[in-house]
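For reference, the structures are reproduced in the following blocks.
In the two assemblies presented below, chain A is common to both, partnered first by chain B and then by chain C.
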Partner chain A sequence: MMPFWRAGLALVVAAAAMAVGGCDYESRVAPQARPTPRAPGTVPDDPGVTPPIGTDPTPEVVEPDPVVVTPTTVTVGDETPVVIDLPAPPPEAPTRPRRRMDIDQLDASLRRVTGGLTWTVMVGSREDNQFEVLSSTLGKPDFIEKTQEDLTPSALFQKFLSEAARTVCERLAREEVAGTRPEPVLMVEASPTDTWESAPEAIEANLERLLLRFHGRRLAPADVGFDRWRWLFQSALHVSSDPVVAWRTVCAGLIMHPDFYTY
Partner chain B sequence: MTTRTLSRRGFLKGGCALGLGAAAFGGVRALETLARAASTGGAAAGVPDRHYIFCYFSGGWDLLLSLDPRDPQVFTNGNLATTRIQPAYEELATPPASPYRDVLRDGSMYLGPYVGELAGQASRLCVVRGMSMDTLTHEVGRRRFLTGRPPSGLQARGSSTDTWLAARLGADEPIPNLSIRVESFNVGDQPNYASALQTNGLDDLLRVLQPSGPLLGSTQDRELDELLAAAAACPEAEGSSFWQGAELSRQKATQMVSGGLFAPFDFRSNAADVVALRDHYGFTSSSAGLQSPGAMAAMAATAIMKGVSRAVSVRINSVSLDTHFDNWSTDQGPAQEAGFTAIARMMQHLQSVPYPDGSGASWLDRTVIVGFSEFMRTPMLNTNGGRDHWLANSCFLAGGDIAGGKVIGASSNMGMNPMPVDLATGTACALDADMVTACPEELGKTSIIRPEHILQALYHEVGVTSDEPDLRVPPLTALFRA
Partner chain C sequence: MRRTSRDLRGRWGRPRSEAVGAAALLILGSVVAGGVAAAAEPTNGALLCEEPPEQLSRDRLFRAMSLDIRGVVPSIEEHEALADEPGDDVPDALVDEWLESDEFATRLERLHRELLWNSLDNIQLVSPSAVFRTTNGISWRNNIATRYRGQNVPCLDEPAEIGDDGDIATTTSATGARQEGWVLVSPYWAPATTIKVCAFDAQDAAVSVSGTACATPAGLQDPGCGCGPALRNCMPGGSTQLRMITDAMVKDIDLRVAELVETDGSYLDLFTSAGVWVNGPLVHYWRYLTAFPRMSMSPAPIDVDRLPDLAFTDVDTWVKVQMGPEQAGILTSPAFLLRFQTNRARANRFYNSFLCQAFNAPSGGIPVVAGAAAEPDLQIRAGCEYCHALLEPAASHWGRWGERGASRLAEDAFPPFDDSCELCATSGLPCSRRCQDFYVTQAFDDREAPYLGWLKSYLFRRPEHEHYVEEGPKLLVYSTLVDGRFERCAVRTAAEHLLGRALDKGEDALVDDVAREFIASGYKYRALVKALVTHPTYRRVR
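Moving on to the complex of A and B:
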């Protein structure tokens, strides 16, 4: 068992490391320039953007420049064509806002990425799908009382998403270690005993694979957006000394991240 | 730069599109501002300290059995063709001995045979009769009462009243807006924290409030939390109001779980105070018991009195009131009675505990209770021995500064139709039968009451007087004590 002070210190140091880790997904380092693996808690090479920890949690929103139109006066009944100058289009076209998966989509997505597992709980000898048990509370319409699905990422949704992620990832990791899964999805490039010290490249390759599988993001270890996942694995491994626990934590993080449950 | 020739119509269309686009861009900032309010909000100075409990009777209630009865000696089968009102108390599975009760013993408030123990709380009760719901559809009536606005098709327009009131007063509560088996809406014009935590029952609420499932370990949990918080601080996330809202919700979920909020709602516990609560409200710790009206009322009172919530909505009845067939004679009355009795005990509970401001007031003095359904049932029995949907309605309010022992408005004595009401006095002023009072001629003083008149009055009481919810009606000021 790791002493409390050591775990706390590791967390603080690791958080500081992540604080200087990257935000953006664009590659800032040439893909071929794989950085030298570093020990947990050390500062990454690329400073990136510093996410606030323990500071103001509500950052400023970057607003586009307003569209300005010079008014043209016309009178009622006047059919004379009006010549106006349309403003230039904004430099970046607005993108479609994110939308949360509905419960059926989330259930199906979990099955897809985990190779068939979803959020179930054993009740006696029966395996209950919790997305069905909690469907009403999770906002699924019954078309009697409720006709529209609530797709807000509410606190209730987040709570159950977290529970689903932990349940699925715990089972996935356990079954992969036991070798009872037909095909591993969580630990493919790295084995359950690989650590950062023993096989850093395997760890990074596995993280790469997981990001592609869970988020559809093709990130190389040199990419800035990769840092936070590397950090999560390293620090989870550091405090638990168990690579399986670290992969379980990464798995839960991938599912709880908006890149998984939104589109 | 593009130059085009446009007709006036085309120009106006283009202008609208640009305006909407600009509004969409501005919306991100507006939402962010609302999110920030979560950490700094609270009741404005001068706003009375109010809590709210909305009790929904699901399915459409038969008011002849409860809030708007008729004297069976007057409304008989002999004059049915004239009155179009058929109390049919003798058709009930258990015909009541006294179906038309003068509950205040002064002729000011008659209630039907199935109000249960609520009759004993009549002195604090304000009954509003003769309302119009303008619909015979369950969803439309329910959503109109919740939002104060007629839905667009079936879709609610505007945020619901619980959300508005929680936004106004509830920033400091851990779960400002709690809703069990009742819809609640936040269409984005209210802050994230005011959105209701909605569950399908007490068991689901407990599951939301306590840690469950396999745990990662506290250190891994904190690492995960840091990662997700850091991800939400990235530029891509900062530009997404959805992501920001999701992150606030995630943090709120973490706080709810770590805050130990579940303990007061653990009604299965055998702790002495929980046993006493179950005894008072009359429910058991079984799964069925936790879905009962008593458990819903106990949950609502607990959420308010433990400082967990500012607005609580519950579906109070466990058996549907949608009795089109002969289940009317067996289910309608008892289902309503169970709901009314649970509310009466909740009022007793709130009344018995002093409000912690040292004023000597009770929790009931600071809590407004609203009981409603989507509409009433037809005053005539159908050919199946049941009652169908009817446009009129009633509701009741109690607690806070609500005028007790008062009846506002009336349904007509011919077909139980809505009648105009003097909004200041609450007096019905229709021209039929023998309850005639001349309507004031001054415009705007008289109106057929709709849910929005009642909700507007609640808004006005807490200082929302500029009609931000866009109800477009004056408040029913007669609801309050002079």
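Moving on to the complex of A and C:
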């Protein structure tokens, strides 16, 4: 019987191999002798039974050569290097990398998903589109000093996107509650007073609609990806006790999620 | 020479959700492996497991195509309508509809602004001597004030007194300045209003008393000349009106691109057609404001006589005008000529953006050869020949389009060889401005001497390249069609734009296949984009 410490060691080595091996999830157990195939007409666990006379003769079974495995003894402290030659991965079909929207796409898409709102700031009586004001900072080229658009989702981009999302979603929620928008966008399937306790189906239906609207993802409540949005709504509702704040939070989360600003 | 990372979209790793998953695995791995992983000190990036590529769902593909073609995500109603369509792809008819839309035209304009670096925001078109400044509500040209008043001062703030013979009365100040009063003028940029303009500056004679043609640079030297009727030869201070003109030049190219989408015309037309788009500010500029140019704008690169009658205020009225056969589409458009003001720069941009060939130094740098600078011909000078053996002949395709500005040197007015320019160059007589600007009039080396009196673009031109000068950029486009570089680059550029990455060597087959389709379609750019966004590679995202 294997001593307890050796069994423990084997477990640790196996776990370490899994962790260090990283991305190759194929098992790497040592090859073992395959079981001897059962001859036709024989009975399992009773290889010695002879078929009755008069039946077709049983074809001769060629026993395969047994695979002899020489066990490698690994002991604690043994640092013998072992070379493992993994087969080359098959060539992968070409792909395209996810891309961040450019500023014009972001501006237009924000308008599209919010029913016409974008990131604006009032300067006196003038409403300035911040995507235009900050276009250079956000990487849009002027073709004089900068000739290539910077599409990295940098920390600066995230900061501005977060600001845009909070500005737009706050206004969207406020105007929807006030009834001043031509048609609702944020609370279509659920009303501003629906809570998780009072109308869970309405909340889920509304989340489904928002995910399709903002991310182009058709997720059902049972799908794995749906959980995080349900959780976000519930958490925001728990903290604020106000469904409108919860929807506002979901709106900002949807805009700041890579599924919105990348494609 | 291969292009490097020109005009590529930014690339980045995985989205946040995937990164979180990978990070969680990393944490789990480090907990289980304990000090083993720490001892090896791999980088974080090396420990991240690369997610398998995602085959986009139909809705996500729909969204990506909409963003690339229309520049905006689909509406929820469009997503819902998609669900009613059979199949797992985006319907062909819908893609076609998008490719015919104004939104696609705008996206294509954007791409070509990137390819052409289409901006003239740093260009000053009019001589500072023809620009007004305003002091106490009175407009005057301070740069040439001394010619009128003896000192750099404006006129007096009082109505001008003008005699029957047109003489402007002046008052001599204590400091000796001769100052006139102002007159009220309705300026061309705001004809419904009047502004106070110093009377000397507001003079509208076509020819001065001393015989100077006022609408020429010489008019700036003659106190008997002003800005012409409605101040048409001068520019108000500030950048508003200037930007209206330069923005219109930029938009001329945009409109050519948009027309390509609207008519589903050949992409070649963009580089060979003779059509030019103009609006009110552009017509006014070419008619009147080139009188006092900041740079070489004469002879104009377009035929001014063919321009329609539009007022400066007709900003939103655009008219397409057919020019002569010398035009080579966007490659001879005023915006391109002004953005790239040397023929080398023009050729370089064309090679970079439309042939996917960059003029890069070799990886080890340009070799330094002692005494190489003594060779005046860059095509053979050691070190320089690496690029210039190709660049110089390529640049000569723009040999009849003036440098340091935008002008057209037609053969009848600018023959390849000019006796008068050779005479002044060899006799010591003063050379005319025309000779100095456009002909070889100085030889710094014996090897340049044979070219004295020749148009500058003929300098060191080999016999087999001389016709490049006369045939112009259209010849360059056609010759690169013959060897397939032009269409392959058009495909490569579109593919890299849509896939968001550089194509690698293994994808040459993709370029070849789509290029064949592109040619078969009659160089239709809409067909090219459709072939790429419906290609399986577009749907596989990592």
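Assume the second predicted complex is superposed on the first by the 168 of 263 C-alpha atoms of A that agree within 3 Å, B and C clash if a C-alpha of one lies under 4 Å from a C-alpha of the other, contacts with A are read in each partner's own complex, and residues count from 1 in each chain.
Operating definition for what follows: a contact is a pair of C-beta atoms (placed from the backbone, for glycine too) under 8 Å apart; a residue touches a chain by one contact, two chains touch by 3 or more.
Since we're looking at a predicted model, the values are computed, not measured.
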### Query
Is A:Thr72 in contact with chain B, with chain C, with both, or with neither (first, second, both, neither)?
first
#### Entry: Comparing the two partners chain B and chain C, which touches a greater set of residues in chain A
B
### Message
On the A-aligned overlay, A:Thr167 touches which partner chain: chain B = first, chain C = second, or both, or neither?
### Response
first
### Task
Could you look at A:Pro81 and tell me whether it touches chain B, chain C, both or neither (first, second, both, neither)?
first
### Task
Identify the partner contact of A:Asp150: answer first if only chain B is touched, second if only chain C is, both if each is, neither if none is.
both
### Task
Pick one for A:Arg126: touches chain B only (first), chain C only (second), both, or neither.
neither
### Task
Report for A:Leu232: first if it touches chain B alone, second if chain C alone, otherwise both or neither.
first
### Query
Which partner does A:Gly216 reach: the first (chain B), the second (chain C), both, or neither?
second
#### Entry: Partner chain(s) touched by A:His257 [first = chain B, second = chain C, both, neither]
both
### Message
Just checking: does A:Gln105 make contact with chain B only, chain C only, both, or neither of them? Give me first, second, both or neither.
### Response
second
### Task
Check chain A for residues that touch chain B in one structure and chain C in the other, and list them.
15, 18-19, 23, 94, 97-100, 147-148, 150, 152-153, 257-258, 262
### Task
Under the touch definition given earlier, write down the residues of chain A that touch chain B in their complex.
7, 10-11, 14-15, 18-19, 21, 23-25, 49, 51-53, 57-64, 66-67, 69, 72, 74, 78-79, 81-88, 94, 97-100, 134, 136-137, 139, 145-148, 150, 152-160, 162-164, 166-167, 170, 228-229, 231-232, 235-236, 239-240, 245, 248-249, 252-253, 256-258, 262
### Summary
Residue set of chain C touching chain A in the complex reads 7-12, 14-17, 28-30, 32-34, 36-37, 40, 47, 49-50, 53, 57, 59-60, 62-64, 67, 71-76, 79-80, 83, 110, 113-114, 117-119, 121-122, 339, 498-501, 506-507, 510, 536-538, 540-542
### Query
Which residues of chain B touch chain A in the complex?
1-8, 11, 14-15, 18, 21-22, 24-26, 28-29, 32, 35-36, 39, 58, 139, 154-155, 183, 186, 195, 197-201, 204, 207-208, 212-217, 219-220, 222-224, 226-231, 233-246, 249-253, 256-257
### Of all residues in chain A, those that touch chain C in their complex
15-16, 18-20, 22-23, 92-101, 104-105, 108-109, 111-113, 141-144, 147-153, 209, 212-213, 215-218, 257-259, 262-263
